[in-house]
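Residue numbering begins at 1 within each chain, and the chains themselves are lettered A, B and C in the order written.
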Amino acid sequence: MISFLTRLLGHSSGRIGAFIVCLYLAIALAAWFGLTPYDPLKQFRIDRLQGPSAAHWMGTDMFGRDVMSRLMIGIGQSFLVAFSSVGIAALVGTILGLTAVWFGRLWDGVVMRLMDVLLAFPAILLALLFITVVGPGTFTSILAIAFVYTPIFTRVVRGPALSIRARDFVDAARTFGSSTSYILTRHLMLNLVAPLTVQVTLALAWSLLTESGLSFLGLGTQPPNSSLGLMLADSINLMEMAPWLLIFPGLTVMLGILGFNLLGDALRDLLDPRMRRVAA
Amino acid sequence: MNYLLRRLVTFPLVMLGVSILVFVAIRLVPGDSITAMLGTEAGLLTPDQRQALAAYFGLDQGWLVQYGKWLSGVTSGNLGLSVTYGKPVLDVILQRFPLTLELAVLSMLIAICCGLPLGVFAATRNGRGSDLGVRIFAMIGQSTPSFVIGLGIIYVLSAGFGILPSMGEYIPFAQDPLGNLSQLILPALTLGLSFTASVTRISRSAMLDVLSDDYVRTARSKGVSKRHVIWRHALPNALIPVVTLSGVEFGYLLGGAVLVEQIFALPGLGRMTLEAILQRDYALVQGAVLFVALNFMIVNLLVDLAYVMLDPRIRLGGRS
Amino acid sequence: MTLKIACKWLACAAVVGGLMGATATPSLAATLKMAWAQDATGLDPHKQTAFSSIRLLELIYEPLVRLDGDLKVVPALAKEWTFSSDAKTLTFKLDPAAKFHNGAAVTSADVKASFTRILDQATGAAARANYVSIARIDTPDDKTVVFNLSQPDVPLLTAMGSINAAIVPASEITGGKIGTAAVGTGPFKLEKWEPNQKEVLKANPEWAGGKVGVDGIDISVLPDENAILAALRAKQVDFALLNDPLVATLVPKVAGLTLNRKPVLSYHVLQLNPSRKPMTELAVRQAISCAIDRQDVLDTALLGEGQITGPLTMPLYRSDPNSLFCYKKDLEKAKKLMADAGFKDGFSATVIAATGEPPTAASEAQVIQSQLKEIGIKLDIKLMELNVYVDTWLKGDFDMAVALNGGRADPYTMYNRYWTKAGNLQKVANYVDDTLDDLMQKGRVETDITKRKEIFAAFDKHLAEKSPWIWLYTGYSYTAQQQTVQNFVATPDGSLFGLSKVSIK
């Protein structure tokens, strides 16, 4: 583990990516403990729509709320949505994909056809329908995004799992008396880690964007809470009057996704056995 | 062939699943065609009036009866009648589809024409400054929501230059090629930017993978020119993930790009479906989702066939 | 290589610019190019109640009478009318020049058929509720119609000024074609309608109301209002309807564009649900009224684009807001009222709002939330898709609701649905009050305008004091136009009928 970390930090894009992601996590954590310049929900309506100043580094929004403070809790909120939704999708997708391969036959058919149904459904409309049925909110957004992404993870896992199962070493392990769960964890998981990490970093970026799209349609994070997506969506009508409302959240989203992607690239380089060989 | 056959057999099964899912989901959403038409004034209706309107919208029967009727219509090619458009659902969809198709094709052309060369270029310069530049461009492209890009473009053009692509109505290419392109180029760029970015990323990493493969190294060591190795040996192999990604993205785009169509006021499939959901035009929502799902599955099938053409070693049967 | 790519992009951009320059030349034809964000949802004037539909139908159909810029009743299809002194018979003389778009003259038979259709339950006309006092319709000759009422009904005349009481050809009714073909009598004929996309209207040369100023109107549906503003800037449209005050306020800053603002009748309101604890307590409702700074909500959420109002929003009956109960924020009083009601430490409640309807709903809810926090009320905001909201609202299934409710020219027509015991929406208002019911019934039968004003002033004051709802303010209707567009007159009901007189220079 420690050696892995050292290698990650030795990787140039890994270093930058890890730094950005850690920075964001630290900011989110700080905001969680209330370490923001102002109360992010407190409205100083007298000072609304003020540009960046010494008192408010990133200006104030239409309610006179401090943009920087809102950005800080927004990062936390967006990370919560992104990580939870991708986490759920990856977990459920992996389980479905693995069991489909493991049990095969009928179960495989049922799972994969179900995933086909979900995949064939237009993604944003699927999320939209889901949210209109359940009602908007943080938890619903998480579920909706996870719902859309699960079939993709199932497929990502199933492909390699199939080819790994067909390989000799699984059979060999079996004949040597290793238990089923041991085979699953040791061999399958190890070989699945590479495609999964790539997919996870892609999905994280994608879910940040989806959340902002849903907020643009009024179905994402609910006010007065804030998320990066909601801040972007809310800033559109005020773009000409108060450009800072668009610029700061915009840069924050970009940098965040950049961080995920750099980290993802590095992880892929380090985890993919073939790439490891090249690096060596 | 065996694989293709099996795929085709599962088509109706998946479509059935999609149709049930959309049928139930749209009816689970509170509100119906009556409240969509009347808003809060719906509260002024007497029970008799409500009954009359429910019968008019075909809401007075049980779900199973409604679904059965709809399904038997579908099997004979009749997707029902849209209450907002007063036309058969299929007519409404087919009228909106050319724009969506063209937009998807244009975005994909932009993505492949820009993304593939950029990705290959970055891969050959692995780790150098220009590689970093390309990667940062790709990441910015991937990380900017399309509505921000779209509204930004519109604002800059209209406020800065006083020009704007024509909005509201689709100008078919056959009717006015110049007008058609000037109308669609910006929305296509908006969609194409993030698409380009993904293609760049995927082709870069696929290229890196292939370049590190033994046979490429062997070819290089035998003195084959670098350019030749890249274009003749490496690229065809690196194309597989690019085709997969483009296929999936293209499939999604055929479902319509809701936000971009909304911002550029283009009458495409995505906006139509969103509006149909908001107006509780059940038949139209069902028809549209079914149509989009069918397209998606056909595109995916084509992608699978493309694999075989790119790499004869792949036997499709093994993948299913 | 990178430089080459940059060059390619620049070249691309240049081509794009050139292409678009070609399409952006302003046209000299006298067709008005217009844009709005929300399209009509149907063509049946008797059934459609949404603003977006009425905007369109008012250009195609006509009722017997019409409301002018000051909401006075003026002739439309009827040249003149008389109300009997007991307010139980209403007689109209039709305009002999009036013709339908199909060339047929408008006769009393068409009027009778139209109202019979509205009153028929099988039609499903929501506006029927405003006309139920009509007991019998007589047609002594081709151009005379007599409405015999079951009870005195003064507001009926104003209610007839609605497009929901439009006159359609009797032949179209029997043919079952209302709603599929638009045969009206109005200034424009509907040539083409592509829902959610565009409308093509052509001027009606035979319109009895006079000569139409333009050859026609091309309406584009541009769902994003920022895009509408951009289209105005690029001179792609001449005239546009705007909803969002945040976008509308940008219009005057653009050279060559004019913004028309007209105060409207519809009102922004915080609806309390007096059947739910603790809003059952008068003191709690009053405390909420005192704790809310209406001007502050208006300034923040609508950038000050509106006017504080009591329950009655029509100019003739509107009262001075400062004379109403607690229209000046009074935190001390609010806190005391809360304490008196036994809620010294406040309580928690949920407020519902519709996404984008009005566009400011989410902002209003947030300011109100912040203001009510000062007296210990913890509000939880629930934003809902419009239809979900309507469904919830109609069931009365909320603690509080941020709403933009439609206004009418007559106080009785506007409020009998909520504040009379038999009102159709009594279940939404959830508040029964003998005084209110009594005043409404009196106002309905009173023909003397001074006495009517007194009755409704008392109604206004009582309603504000009992605070079942917290009336906030009225906004504006916005239209934006190029300098070439002339003679547009806006009305408080937000009608675009003024387009019949518009010309392009």
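Methods note: contacts are C-beta pairs under 8 Å (C-beta built on N, C-alpha and C of every residue); 3 or more make two chains touch, one makes a residue touch a chain.
Molecules present, by chain and UniProt name: A, B = ABC transporter permease.
Since the structure is predicted, the reported quantities are computational estimates derived from the model, not experimental observations.
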- So which one's got more C-beta contacts, A-C or A-B? A-B
- Chain nearest the global centroid, as defined over all protein CA atoms shown: B
- Query: Farthest chain from chain B, comparing Cα centres?
  - Reply: C
- Task: Could you tell me the distance, in whole angstrom, between the mean C-alpha positions of chain B and chain C?
- Result: 38
- Query: For chain A and chain C, what's the span in angstrom between their mean Cα positions?
  - Reply: 43
- Just curious, how far off is chain B from chain A if you go by their C-alpha centres, in Å? 22
- Task: Going through chain C residue by residue, note those that touch at least 2 other chains and give them in order.
- Result: 226, 385, 388
- Message: Could you pull out the residues of chain A that touch at least 2 other chains?
- Response: 132, 217, 236, 239-240
- Message: Using the touch definition from the top, which residues of chain B touch two or more other chains?
- Response: 29, 151, 155, 159
- For the complex, which residues does chain B have touching chain C? 29-32, 35-46, 48-50, 52-53, 56, 84-86, 114, 118, 121, 130, 133, 151, 154-155, 157-159, 161-169, 178-179, 181-182, 185-186, 262-265, 267, 271-272, 275, 278-280
- Message: Which stretch or stretches of chain C touch chain B in the complex?
- Response: 1-2, 5, 16-17, 19-24, 35, 41-42, 47-50, 121-129, 179-180, 194-198, 220-224, 226-227, 229-231, 233-236, 385-388, 390-394, 405-406, 417, 424-425, 427-428
- Query: Which of the residues in chain A end up touching chain C in this complex?
  - Reply: 41, 43, 45, 48, 62-64, 132, 135-136, 217-219, 222-224, 236-241
- Item | Partner chain A, residues of chain C touching it in the complex | 225-226, 244, 246-247, 250, 296, 299-301, 355-356, 359, 362-363, 365-367, 369-370, 381-385, 388
- Message: Please output the residues of chain B touching chain A within their complex, sorted ascending.
- Response: 10, 13-14, 17-18, 21-22, 25-26, 28-29, 127, 135-136, 139-140, 142-148, 151, 155, 159, 201, 205, 209, 212, 252, 255-256, 258-259, 270, 273-274, 277, 289, 292-294, 296-297, 318-319
